[in-house]
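Starting off with a structure, shown below.
Lettered A, B, C and D in written order, each chain numbered from 1.
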Amino acid sequence: MSTFGREYRVTTYGESHCKSVGCIVDGVPPGLALTAEDIQVQLTRRRPGQSNLTTPRDEKDRVEIQSGTEFGYTLGTPICLTVQNQDQRPHDYSETDHYPRPSHADWTYLQKYGVKASSGGGRSSARETIGRVAAGAIAEKFLREAYGIEIVAFVSSVGGVAMPRDRELETVHRVTRGEVDQTLVRCPDSATAAQMQDVILECSRDQNSTGGVVTCVVRRAPVGLGEPCFDKLEAVLAHAMLSIPATKGFEIGSGFLGTQMRGSEHNDMFEAAGTGLRTRTNHSGGIQGGISNGEDIYFRVAFKPPATISQDQTTASYAGGEGVLAARGRHDPCVVPRAVPIVEAMAALALMDMVLVQNGRTASRALLKPVPSELKGIKPI
Amino acid sequence: MSTFGREYRVTTYGESHCKSVGCIVDGVPPGLALTAEDIQVQLTRRRPGQSNLTTPRDEKDRVEIQSGTEFGYTLGTPICLTVQNQDQRPHDYSETDHYPRPSHADWTYLQKYGVKASSGGGRSSARETIGRVAAGAIAEKFLREAYGIEIVAFVSSVGGVAMPRDRELETVHRVTRGEVDQTLVRCPDSATAAQMQDVILECSRDQNSTGGVVTCVVRRAPVGLGEPCFDKLEAVLAHAMLSIPATKGFEIGSGFLGTQMRGSEHNDMFEAAGTGLRTRTNHSGGIQGGISNGEDIYFRVAFKPPATISQDQTTASYAGGEGVLAARGRHDPCVVPRAVPIVEAMAALALMDMVLVQNGRTASRALLKPVPSELKGIKPI
Amino acid sequence: MSTFGREYRVTTYGESHCKSVGCIVDGVPPGLALTAEDIQVQLTRRRPGQSNLTTPRDEKDRVEIQSGTEFGYTLGTPICLTVQNQDQRPHDYSETDHYPRPSHADWTYLQKYGVKASSGGGRSSARETIGRVAAGAIAEKFLREAYGIEIVAFVSSVGGVAMPRDRELETVHRVTRGEVDQTLVRCPDSATAAQMQDVILECSRDQNSTGGVVTCVVRRAPVGLGEPCFDKLEAVLAHAMLSIPATKGFEIGSGFLGTQMRGSEHNDMFEAAGTGLRTRTNHSGGIQGGISNGEDIYFRVAFKPPATISQDQTTASYAGGEGVLAARGRHDPCVVPRAVPIVEAMAALALMDMVLVQNGRTASRALLKPVPSELKGIKPI
Amino acid sequence: MSTFGREYRVTTYGESHCKSVGCIVDGVPPGLALTAEDIQVQLTRRRPGQSNLTTPRDEKDRVEIQSGTEFGYTLGTPICLTVQNQDQRPHDYSETDHYPRPSHADWTYLQKYGVKASSGGGRSSARETIGRVAAGAIAEKFLREAYGIEIVAFVSSVGGVAMPRDRELETVHRVTRGEVDQTLVRCPDSATAAQMQDVILECSRDQNSTGGVVTCVVRRAPVGLGEPCFDKLEAVLAHAMLSIPATKGFEIGSGFLGTQMRGSEHNDMFEAAGTGLRTRTNHSGGIQGGISNGEDIYFRVAFKPPATISQDQTTASYAGGEGVLAARGRHDPCVVPRAVPIVEAMAALALMDMVLVQNGRTASRALLKPVPSELKGIKPI
């Protein structure tokens, strides 16, 4: 449905042509300093029309906090966030509306709900992600203030042009959002970025589109996040990421490449670090047994080429007749750069929920008498 | 936590050395013919000790239905399924217990819960998957009887030895479980299977381990499953798969490779089929806009090499001191063949929940007056 | 939290002095004819200022549909409903703000959240119920169109003045909303209504307040609603009702009086009715074993006297010092008449969720082969 | 469904004649000392056959911990608890099985699920409450060890014989379980208890049954429990209580009587107490605005007379024909004494979930910088 999370719960609403889009965020810890500007930053990063690499519409997208804060602080009550739609008229019917767009949500939405929003998939519009990004920005602010957590996503591949894997892994451990935003394509490796831009411009010229990969890292997450067995941290991250429109894959740490390794290479050996342990390598991607281990949590998300292209496409109408669909207007040839703040937002939402649940456990356990030392892995002599 | 699903809800329990493992399944439709044998089939397929490619312990694992059926039919009430553990003694402490196993759950479980099961990760044991497989078998039986749904998983890659991609895709559309089980490694391509076996035997000799990929297909799923926006079908499948121990990645349809394609190639054009539409190609993997479109749903799941190997490993103890951990006993060099029924089970659980929710919507909507035709995508003239 | 329901899910937001209040309703069946006017009717019924029996503020409360409908029909996507607040400034501090209002939520909210909304309890304001009433109106429209369900609540007691019990029970079975609204106090028994008005006017003169009881009936609910064991229909109704501000009790059917009866009197005997059965009496209140049986579902909800009164009250300040709190302004001496549409709304929300879940079960079960007749209670000869 | 709670989650299973009954409890804090004996105490208190006031069957009901503990401590993983059924054969059909028992769940279960357990309502059997009592005992142990919380329920009315209201309220504030168990009827007021016993024995002689009221108190609950708006503490308690078989009503604090009071009497004035505040009276029943305020939480639960009586009852068969149903065997004439530990268990479950959620909030908020003092209700000068 349209709700994500158990204790930090986000419910989004809105289609392309309704009055507004947005969300209600429930479970935000009280006492967090929060203004619309904290949220606007990420909304602006997801906005289209920032360059000729993305769709030229200028959507504005100013967020308004409807509830849940006073004097610049959260009250612990639900925060409703809204963004007005510019174009609020249901769409006029035209010739192309006879055709469900290939690989888009038009046909499946009609089959599922038995009705069809005039704006096609309606709810499958990228505008739905506004609510996610807004809610994610609040989560992120909490995570940063409470733990110093940094979440940074970047584009690691576009249409087959990919950062070298070792460069990608180095990048994971140190990249900042400022660095990511230095190129329009949001790839912090400038050589690769240039090639990616060429691919996107070529798609744009060809009225075509292409996909790509977003890599994301969460740094300084506390140890202990994730709720086995079904809500392992990577499972919830995968759920979060595959709920973003146009995604086709998710991998954590070594991912699909890790399947080719031997255990002796893949295992992350421990070493002492402060009062605890850390691992020398991080093929695990910061999660072991479904629980964060304090290392960088990094993962990759695959995005398919956007389905809406301006080329003529020979396909079938709703009624079954073959014909040619020619999409009007200009369309985004590659959504991956704009997906960067969406991936960051969904990561923040997943983490935030886990933080609240784990803190509830830890604080409750702390009220009990200590357990005998052998239950802590210390061998009784 | 240990519950998966909203309307078809599975809650698992059990560690390696407690009395029993199993689950409660709530929301099973009443009136389904069901005996223990329906469930045992898949439990037996997941059992270790079936060959020298997997761990030699013979766990037996006979399932017992505690509740929820009478005279061989489900009552619609919770079904509790239990499997006795053979070795129910908490484990004696030994030298190796001073070391958290690298890339295993020992250390993170201790950090998260503040206590340590004597059997290491305890709940992260593969025995936890018994409850999933049992619950999945019931879901699968319903899906088969109600819709003729077929769910078949197979091993498509082991330690870098992979079925050719085109062969894999052909296999997806026709393979049966019988064919999958014809090789020990559960790869239905016999040439590839032979090479996979060599890799596993080599790992076994070297006291090492390796990973692999399981590909799974769901055939004949009805159109309309999946609950956008957050519970898109692929998002729930990804959640389900990444909750399986040792998984590192998930991709649906064209997956990561699809990111390299152009929209014009990737788009699945429609054509008339019976009273509806189908797509000529299926890069979407049977899901568009988060909703099943009636085509085969196929996806791939990455499994890392098992963390427990018998080789000496230089690592740190819980107390932080460096030392050498030498795991005792024999260990499974590659879990992928045994993961096949677990992947099938999790697919069945994800689908089943979606079926109940969508049927509730459809049956409720059918009680209303029909909507005007323009809401169904038919242009008013 | 601020979400109610599993498949028909309402999330409310808003405090007294924020920009707007409202809700997101997820899970509304697609294809339901719906305009703002359908919702406004009940919002207007809950509005204060309708007479000198209730608080004189005129809040307006015009609802706006932000999303989820097109051309007057629901799309099956989340419906966001908003109502602007007239007074959006956080409140200035004054002398009385040093005192948590007795029996109000000021002190517990501060203790729970560690922050204090300037408008006192903030979220505990009666304005929060706007979202409930709006969401309930949609549920009610569906239930009426799909099943002919009628939900009618009325005031059966105010400050100790109560309708005679037998009159109350007769009323349950036939009363309409039109009849309820014929008296300001919303008691359809005119003699009792007149006495209730006297009590309320007396409280008003005395700067005091009083409580009362709302009785509610759901007629023509289908058989089979309710999800044992924990989500029995009466349990969910009780949850729904006790979540309304100022409620202190709930009873279904014979309720507390039924505890004094013998089983032989209390048991509702069956008799043939059409193709099924019905009961001759209805002490059960339309629910047996947690499941609706097709008879009228009726229950009673107790409301305490409003905590905010204009009389001087000797109490303690936040800092602990004793002092006199004199509430300013005019306050509602009895909320019970205004609670009528809120009780109706919460009943609709509870029912609606149960309808979707049960229809999912029934439609799914119908796909299976019929069960042997002995499983249907027909003795095999 | 059969799950209660969000973070402390109990799922029960089992009918009258299946192999076993019990539950899985997920979310138990790790490190709690726990043995089967801790649980058995309350199971034994709910066991029938303890006197001639209750049904003479001796069910034994020995609980077995299947998982989730080691060396007498909880691991934080799911705890499965099972109790064998003595009579595991599905029931033979007899003449009386043609008649759905009046006011029992036979008919509604059949209508809802389309199948009929041979043991009538099956899942509506009192044996289902074994899982609740077992899970509640664990929650209660945590609450006692962590906070010193005491939960005590007692019988305050049977068949119209009631403790005087003022006596009941005094009892609430001091009664112990030991005192409650001193009379068979579990009413700690010996004069009233004697009269209650007479009523029950009379019912027993007459092959009839009667209802009653259980009053319950939770002492020393921390301030701040309850999750407004929908999960107010009293709403969750009401849900919990009305999910117990045979319940018809719930009231908190002043309850239905409070509806007759004036605000000036009903309001609980504050006074300084230690570093905080407490209230001089407690008509609120320890909850204000849906949140515990540190005073005793007390409430009353109404139980109807048991539906199964041995008297002949003229009713209709499943097929609609009128006839006489004569229940065989001996039946419990009054369930109220046995309901005492069930009410306590459900109270513990409701509280426990709220504790985990609130501790998660508080611990998370504590990681932020302190808020300005005016947000804490302290007027800035």
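Simple rule for what comes next: contacts are C-beta pairs under 8 Å (C-beta built on N, C-alpha and C of every residue); 3 or more make two chains touch, one makes a residue touch a chain.
These numbers were taken from a predicted model, which means no experiment stands behind them.
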item	value
Farthest chain relative to chain D (centres taken as mean CA coordinates)	A
Contact-richer chain pair [A-B vs A-D]	A-B
CA centroid of chain A to CA centroid of chain C, Å	38
CA centroid of chain A to CA centroid of chain B, Å	24
Distance from the mean Cα position of chain D to that of chain A, given in whole angstrom	43
Where chain D touches two or more other chains, by residue	1-3, 12, 27, 30-31, 70-71, 73, 76, 112-115, 123, 358, 361-362, 365, 371, 374-375
Parts of chain D lying in touch with chain C, wherever the complex brings them together	1-4, 12, 93, 97-100, 102-116, 121, 123-124, 128, 157, 159-160, 203, 206, 208-213, 223-224, 226-232, 234-243, 245, 247-256, 258-264, 266-272, 276-277, 279, 283-285, 287-293, 300, 302-309, 311, 313-316, 318-322, 358, 361-362, 365, 371, 374-380
Chain A partner contacts - residues on chain D that touch it in the complex	6-7, 27, 29-33, 70-71, 73, 76, 142, 145-147, 355-365, 367-372, 374-375
Footprint of chain D on chain B - complex, ascending	1-3, 9, 11-15, 18-24, 26-27, 30-31, 64-71, 73-80, 82, 90, 112-115, 117-118, 122-123
